[in-house]
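Note sheet for the following structure.
Labels run A, B and C following the written order; every chain starts at residue 1.
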């Protein structure tokens, strides 16, 4: 299947391994990434804190270009880009006057007919399309799936069903042989954009996330967003200093974990680019007992 | 030929000061149909009324207009005077010359002209008045009380003690409701069951009360004084007349692991069970869904050990028909469960409890014999966090209202915990403290000052489990909104009090109104708290709105007094200002075309369908018919009627048009 | 020629507006004497033919007033009145009656001052609009009398 692709700024820069791993797994899983030509920055946090129209116009142009290229679906891997595009699409669809106004600003027609998908949406589609059969080397590790903020909020744009304890990423990881742990910081704030301006706060917040994942026995943290990755991986030194404890747990993009399970080489997935070295203990395949089922009777 | 008498009142200087009353009387004498027109100083006084009475007799008046103050003031006075002289009271009308004329206009010609107009309007109306007679509706002096909680019990006892028959219907196997589940009640810390069980026994033994437990309302038809209720007595699988309540069956039942509803899922019960040892009636019930015999066809141990041979496995539900005159709805409430809170773990943590579950832990007859133990590992918690307003006052959760009782019972829970675990630490996260009842504020003060309960003003955003502890993340807004994190052994959520899950269905069965939260609607929020808009159905207790026990009891007695008032006469007499559908002889029988727009519009469901049949039984037409026992006389149906076949007695189209013609 | 004084008919409900007007009286608040009140149990009783009849009989303006929505003594009568008003506005205009002559209001039993203000405003407005002309009138400006039994 062909799906539109909007990498956004970070996938070209600090998160290029996210891009590489997506490009690597796409053909194996059977989808073709068609990059939107002449795309621009989505505006991220900066635009919508300054000017409402600017915040709509920037993503609207991307949507317009996607429509022009005949793309019916658009994969947006970065969670922040995803929420900006999805929110813009929602506003444009429901407000005709606004749509005309924005169209005239960007000098392109836009209808909002291109669906905006995040990486979990696309992987879920692959999951029901034989992902399990393509696993060559089960990712037999305990993982802590970290969703961050934009995959579960706001409710009307989120594709995750349980906002405080989502399972979509966990389900995909289970399919490729991983054992997701039940942990407490799945959707807690990592510090987000304060990464540069208040690194101390990020060290505190992300530190708690890393610590909980490690304490619960996870061997890797899985993320689906470049911001999450930066704060949990790149800022590890600040975290270590804040907590006065070294944590070596690596942070992998969900596409990298799947790539490893599909048998692709670590190099092709960009694992060498991480700040925290990706060292995963070798283990035999986990026993066939089912992983934790959260919707069952009261446990613990 | 009409013979109308007009009586203009001076009302001292109140009317005469601005209106030339003599002139009005003189003008009125010339109105067509008026045969007597006078003015007098005080028409409402005895001599004034006598003037009317004498005029009726001497001049053989067919209608009377008293032009004086507002009819809202003295209409009953003058109508009574007319009745005493033999003139039907509904042939007397009042023109409002005081509130609507003399008091609001300056003295002058325009004012006197208006007064004259007002009199003329009423004269034209009265000429078209017809004599009306009060409507009598017979009353069945039996009350139906739905719900056997404290409100239902109080209402039933009050009505029964007044000498009337009561039928009480309770859904569970025993009466007692939620009050039976409580350990101690605020603000006195009385043992709940100790004060409740004597009343439960009184209900069971009262000669005037018939108790149907394990039963539900199947249907309710009819109207005030004349309801027909059908009760479904669910099959207990026991013959209640032979069962002695010895409990041998319960002892021997092999299925022992069914979560007990009475113990709020904290303890277990057997498949054949009584909800609690003090159950009234103390007769067990077989939970057929979980009983081995009903599921697989094997067992029947209870039958073998029963000394009274009371088991009846083939018993079926029974339908009982009752004629009752009034209904009291006292069906109570339930509380939200912990799975309502995603931020507190979706109900997956055993040591996060609801307030009701904590009551069972604290209760001496509960699953832990009154020792506060963690459900997960049976350990005694050293730190307990109580979260007030869990779900209530929260538009994001869909519950906008305050559940009223939680501030008080949370203080109580914290106190009970501190009394039982001297070294324990108790924290309460609250938004406000609502302790408005008698001795309530003092009770909360006691919790803070004597029992050293720590009150933290802030909400809890997250609870998660780590290393066997529950990490509670909240904020202290009185300390500059500093984040607070407490490692608790147990968390008690004061979850929102909500309507029963089938409250809506029951309200629709009874045809009573309810609000968006599915609480039953009272007739007027301030002045009619125990009546409902449907005449003859009354409401008491938490099914109407969250409330505590003293309020439920008070409301129940209030509802009972309304029922007793209703039953104090053999017949109910009603004002005849009701709607009437036109009827005439064949071939038309009625101008009603049977569209029944009136039926759907009537706020009181007072319109029924009447089949008009020929002598051979053939159906000619179905027309609307007004139930005069229920109609309240608003006239909405009259305005809606497409064929002008329905009219309102006392405010007929003819009368109102006549008033307009005078302009 | 005498200055034109409009005749305004008010269809009011017994429980709210009539009581509110009583309160105006008890409070001795003064207002124009041009209004004639027709008391009904509920605004739900008001058939809009009554309004047309009022104009036909010589009224220059009409007020319809009852309990506030949600407060109807009979629960829902005023909701029906409100719906009828929305439906019949066009019809009234079609009949040739300037909609500014018809006022729909909610006056509760506690709003004595509001009633006085409402009447005064309506009378002032109708006075400005002049006498209602569509229905036939006698040459001297008085409406044709209708035979009364």
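Simple rule for what comes next: a contact is a pair of C-beta atoms (placed from the backbone, for glycine too) under 8 Å apart; a residue touches a chain by one contact, two chains touch by 3 or more.
Just so you know, these numbers come straight off a predicted model, no measurement behind them.
Student: Treating touching as the only link between chains, describe the layout with one word: line, ring, star, complete or other.
Tutor: Topology of the interface graph: linear, an open chain of contacts.
Student: Go through B-C and A-B and name the pair with more C-beta contacts between its chains.
Tutor: Of B-C and A-B, it is B-C that has more C-beta pairs in contact.
Student: Greatest Cα-centroid separation from subunit B: which chain?
Tutor: A
Student: In whole angstrom, how far does the Cα centroid of subunit A sit from the Cα centroid of subunit C?
Tutor: Each chain reduced to its C-alpha mean, subunit A and subunit C end up 66 Å apart.
Student: In whole angstrom, how far does the Cα centroid of subunit B sit from the Cα centroid of subunit C?
Tutor: The computed centroid separation for subunit B versus subunit C comes out at 37 Å.
Student: For subunit A and subunit B, let me know how many angstrom lie between their CA-based centres, rounded off.
Tutor: About 53 Å, centre to centre.
Student: What part of subunit B is in contact with subunit A in the complex they form?
Tutor: Those residues of subunit B that touch subunit A are 342-343, 345-350, 376, 462, 464-466, 471.
Student: Per the contact definition, I'd like the list of subunit C residues that touch subunit B in the complex.
Tutor: Per the touch definition, subunit C meets subunit B at residues 5, 7, 9, 14, 18-19, 21-26, 28-33, 36-42, 44-48, 50, 53-54, 57-59, 72-77, 80-81, 84, 116, 143, 146, 148-149.
Student: For the complex, give me every residue of subunit A touching subunit B.
Tutor: Contact set of subunit A toward subunit B: 162-165, 184, 188, 212, 215, 294-295, 298-300.
Student: Over in the complex, which subunit B residues touch subunit C? Could you list them?
Tutor: 2, 32-33, 70-72, 96, 98-101, 103-106, 110-111, 113-114, 117-118, 121, 124, 127, 513, 533, 577, 601, 603-604, 632-636, 638-640, 648, 650-651, 653, 656-663
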